[in-house]
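Sharing a structure below in structure tokens format, with a few things to ask.
Labels run A, B, C, D and E following the written order; every chain starts at residue 1.
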Amino acid sequence: MGTLSPDSPWTIWVIFSPLAGAVFTFLWPRRARLAVPLVALGTVGSVACLVWQVAELGVQSHALGGWAAPLGINLYADGLSAMMLLTTALVGAAVTFYATEYFRRASETARYFWPLWLCLWTALNALFLSWDIFNLYVAFELLGLAAIALVALAGSADALTGAMRYLLVSLLGSLTYLLGVALFYSTYGTLDIGLLGDLTAPSAASWAATGLMVAGLLLKTALFPLHFWLPPAHAAAPTPVSAILSALVVKASFYLLLRLWLEVFPVTAAGLGHLLGLLGALAIVWGSLQALRQTRLKLLVAYSTVAQLGYLFLAFPLALSPVAATAWSASVFFILSHALAKAAMFLAAGNILRFAGHDRIAELGRAPYGVSLSWAAFGVAGISIIGLPPSVGFAAKWLQLEAALAGGQWWWTLPIVGGGLLATAYVFKIISCVFSQNGRTSGTNGISWRMEWTAFGLSLAALGIGFAAPQLLALLNSGTPLALHEVGSAP
Amino acid sequence: MMLSQMITIVLLLAGAAFFLAGTLGLLRFPDVYTRLHALTKADNVGLGLVAAGLAIQAETWAAMGKMALIWLLVLLASATGAHLVARGALRRGIPPWTAR
Amino acid sequence: MDGAVNAAAWAFDALLVLTLLWLAWRVLMGPDLFKSIVFFIAFGLVMALAWVRLRAPDVALAEAAIGAGLTGALFLAALSRLAAGERIANAKRPVENSDTGKSTRPHRGVRMVFIAMSALFFGGLAAALLSLPAEAPGLTIQVAENLSTSGVSNPVTAVLLNFRGYDTLLEMGVLFLAVVAAWSLTPAPKEPVSPPGIVLASFVRVLSPMLLLAAGYLLWAGTHAPGGAFQAGSVLAAAAVLLLLSGKDMKANWPEWPLRVVLGLGLGVFIAIGLVMMLIGHRFLEYPLDYAGDLILLIEVAATLSIGVTLAALFLGGRPQRDERK
Amino acid sequence: MTAFYLGLASFLLLNLAAGMWRILRGPSEADRMLAAQLFGTTAVAILLLLAEAMGQPALRDVSLVFALLAAVTVVAFVRRAWRPATEEHSNDA
Amino acid sequence: MNAAMLYALTGAGLFALGLYALAVQAHLLRKIIAFNVMGSGAFLVLGALAHRAPDQVADPVPHAMVITGIVVAVSATAFALVLMLRVQSETGQPHLPEQPSD
């Protein structure tokens, strides 16, 4: 598990630079234009230092308040958290750069966008580092409220109804999760994930707690039957918020499910794993078909999120085979690739929407020339969503196919490959608009080069990081007990 | 059974009787204004008696003082509440009950 | 004599539980919305009694101040703004009759399914709860051992502000976020300003200082007896709510920038103290032994002010008007 | 003595339950709000009894908070949630 | 079946009642009230199980968790009420519109 070097300060700076930034931008809104780049740089810098420390020295931890595990709260940064922090930092920095431009004219909303977004960034970093299940509940609530407030920032009727539906789902998920925390604490007398991992044994109470927690987390990750709230909320939100929601916020609850599945839940039953895999496969098919049916661009991209989330859940049944490590690494790679590609797609779609004034796919053909770079970004991001080499998406799908075949569960290859084909269908449905020559250029010129280059940069990153796959794999395995969870070996 | 405990029991029982009267009044009386009487007067006297009964058992003078303060605050709150509700009801045209 | 005490205790608990469940049923299923809210206020009161029976005076204080007092006032204010909104909506399209919160229920079959599902949920949860051992120490021993070095003698305050101080910091973040979110959504709705009348005005003038005194007392008592920042903050908020309700225009005589500073104060002081601890070589939020009590008190004072103003701003329901002109 | 205190507290809780019937049936909203105020006073009495019965003097602070906040909901009702006369009777018909 | 378990079962009952009301009621204010009742139920479960500690002193850690939970619940409720009023001002009715397409 790597050396446990105590009390790295970087874990603190990663959480408290965005939080301090949020308080600052709320107190002095007019000086936000200067403060936000500084805060973003500070956060990305501390994330980089922390990731470097985890890669070199192994797991980093920080006993908050100086109290040891059962009484106090620990922060714990291992390979998995480092990967998630890295993804959040990359997408977060890009979206911050984009948002400074996007909100240039709408100063009223910008005044409240910055504190809310920096609070959301804090909640994400706190969630990825916390090692205490009740602390995760509070970070979860902070994350949910910040995301909902950002969706409601758009102010339109369907943004507000989408935000309200998202709030009801988020509160229900958090309360169910809290009930699971209550049961685990009452059974084992501790809230620390590490200690719980050693103590949990299959019993009525721990099964009920597992069920409650899984149900709460599935609701917030919008897995197939419970995905109804995601498309309206993600599509109606302002563009940078849609990118943040689809790329990062939905992944946070999946990360929590993965962390608890690896560390805390008593011997994971094959049945539950296969159920999650089945729901994941259904999500891929249903999400892609719905995406094909959509008439509006942002809704199509939102349904594509529902589909791509299905891939993450395929890892649960695949991990019940001797090649568990490959399956888990595949889903973490998926998180990275989908985060980068989906953020690029939403930013590109936002540019097109702002330029053409509407996002009805049928009439998009007339406005390809004004925002050609955004169309290119959409296409390149599509490559990563479909999973063509050399993108990270391809690396993830390759690992998943490898895990499926090596683990003897060949049937899981069907949704993987099928999903890729369906993704090709709905990506080309959009790209085809560019080649239909029935258009004269129309639309305002509200697009600055910054907004277009951010989208294009992110899509290139989704493509380019595929080359860094081995280093990322090494980072992921430093300290994360991925390999430990073969079938039958007690955690 | 010490004398003080006897007094406490008597006071508490009297307090309970007033609370009972208050609740009966609240259920039986015909309109808002009469129920206000029952509620505000009976319950506050009931609370006063209960507080007095418990004050005898209180270990320090400070505890006694605190109970008296609590009783005064409740008096203040329910008197204001009663006035506001009555005035509001009158202004909203709820007719006071008159024996036919 | 012991048997009688147990019997009386059991009778009181059983009665309290029945009242609680019956109140919850009336709150959730009652046809009229106003009746539900009044039942909800009663539900909060009985819930505080339940916390008292569970030997949790701190939680009873929080439930009494926040659950019964503030949440009830929030719902009543929301109901009046809802009715006002409905009148505007009706004016625009006086077509179908506006329901005043009549609970529109899906038809019978769907309700049966939901009843079965929640009954199943309750059954599973009850089975899990009953399987738990009757006696479980939890973390009582660890807290008792370390209480002496925590700087306060009330175990709950020690856990809240020292052992699990990071939880409380994130929770202050949630409160701060709620205000920022509420301000980002809408300007404060204009309330029908009517003169409070002599009785209410004098009542508020007499009660407000007492509320402030009580908040200070709860804050100070928090170190050695039930009380603390949250309970004191909510009593402070009750004072502010009373002032708002009695027609005092808080917004006018309260300049906008200091209001923002006080809103961010609790969180800012907490983070600052945590980081200062790191600068002097300790871990984050690790108070030096002999200053622990004073630092906790400093955090609690800032937190009380911040929570009081935050809950009052949330009762206001939006960003203050003066904020508009910026 | 503790049994006596707890018995009395149970009796007051019954009073509380009886008050709820007024909330259910109360013709006008004012009646309902009255019952809520009844709850406040009775709850303070119950708390004082429990403080004595459970030997926890700290419970008196809880009843102090109850006493202070009993007024908040009633004032909120009178100043905000009391709808003008015309509508009131219609919804209680 | 001691007092702690009685209150824990009541908490579970409140949670189930709230869940049912949340599913059945359409009015948004009723849903927010249902969330408050569910929250109180979950906290009651947590607090009641803390009462099982020996020799008449309850475990302070769940009490701290419940106080944190109550404050989080009141801030979520306040935000939900403001959002509900905004939904009503935009769509004219305090209900969520029927979901057009799944």
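As a working rule, contacts are C-beta pairs under 8 Å (C-beta built on N, C-alpha and C of every residue); 3 or more make two chains touch, one makes a residue touch a chain.
Since we're looking at a predicted model, the values are computed, not measured.
Colleague: Return the chains common to the contact lists of chain A and chain D.
Modeller: For chain A paired with chain D, the chains in contact with each are C, in label order.
Colleague: From the centre of chain A, which other chain's Cα mean sits the farthest off?
Modeller: B
Colleague: For chain B and chain E, what's the span in angstrom between their mean Cα positions?
Modeller: Roughly 33 Å, centre to centre.
Colleague: Averaging only over C-alpha atoms, locate the centres of chain B and chain C and give their separation in whole Å.
Modeller: Each chain's C-alpha centroid was found; their separation is 28 Å.
Colleague: Please tell me the distance, in whole Å, between the geometric centres of chain A and chain B computed from their C-alpha atoms.
Modeller: Here chain A and chain B have centroids separated by 58 Å.
Colleague: Chain B: which residues touch two or more other chains?
Modeller: Residues 73, 76-77, 80, 84.
Colleague: Two or more other chains touching the same residue: where does that happen in chain A?
Modeller: Where chain A meets two or more other chains at a single residue, that happens at 134, 138, 141, 145, 148-149, 152, 179, 185-186.
Colleague: If you look at chain E, which of its residues touch at least two other chains?
Modeller: Answer for chain E, listing residues that touch two or more other chains: 15, 45, 49-50, 52, 61-62, 65, 68, 72, 75-76, 79, 83-84, 86.
Colleague: Any two chains that touch count here, so list every such pair.
Modeller: Those chain pairs which touch are A-C, A-E, B-C, B-D, C-D, C-E.
Colleague: For chain B, which residues are in contact with chain C within the complex?
Modeller: 73, 76-77, 80, 83-84, 87
Colleague: Looking at the complex, which residues from chain A come into contact with chain C?
Modeller: Interface residues on the chain A side: 7, 9, 12, 16, 19-20, 22-23, 26-27, 29, 62-67, 70-73, 109, 112, 115-116, 119, 122-123, 126, 132, 134-135, 138-139, 141-142, 145-146, 148-149, 152-153, 179, 183, 185-187, 189-190, 203-205, 207-209, 211.
Colleague: List the residues on chain C that touch chain A in their complex, please.
Modeller: Chain C reaches chain A through residues 124-125, 127-129, 131-132, 136-139, 142-143, 146, 162-167, 170-171, 173-174, 176-178, 180-181, 183-185, 257, 260-261, 263-264, 267-268, 271, 274-275, 278, 282-287, 326.
Colleague: Could you please specify the touching residues of chain E with respect to chain A in the complex?
Modeller: By the definition above, chain E touches chain A via 15, 22, 28, 31, 35, 38-39, 42, 45-46, 49-50, 52, 61-62, 65, 68-69, 72, 75-76, 79-80, 83-84, 86-87, 90-91, 96-97, 99, 101-102.
Colleague: Tell me, which parts of chain B touch chain D in their complex?
Modeller: Residues of chain B touching chain D: 5, 8-9, 12, 15-16, 19-20, 22-23, 26-27, 32, 35-36, 39, 43-44, 46-47, 50-51, 54, 57, 59, 63, 66-67, 69-70, 73-74, 76-78, 80-81, 84-85, 88-89, 92-94.
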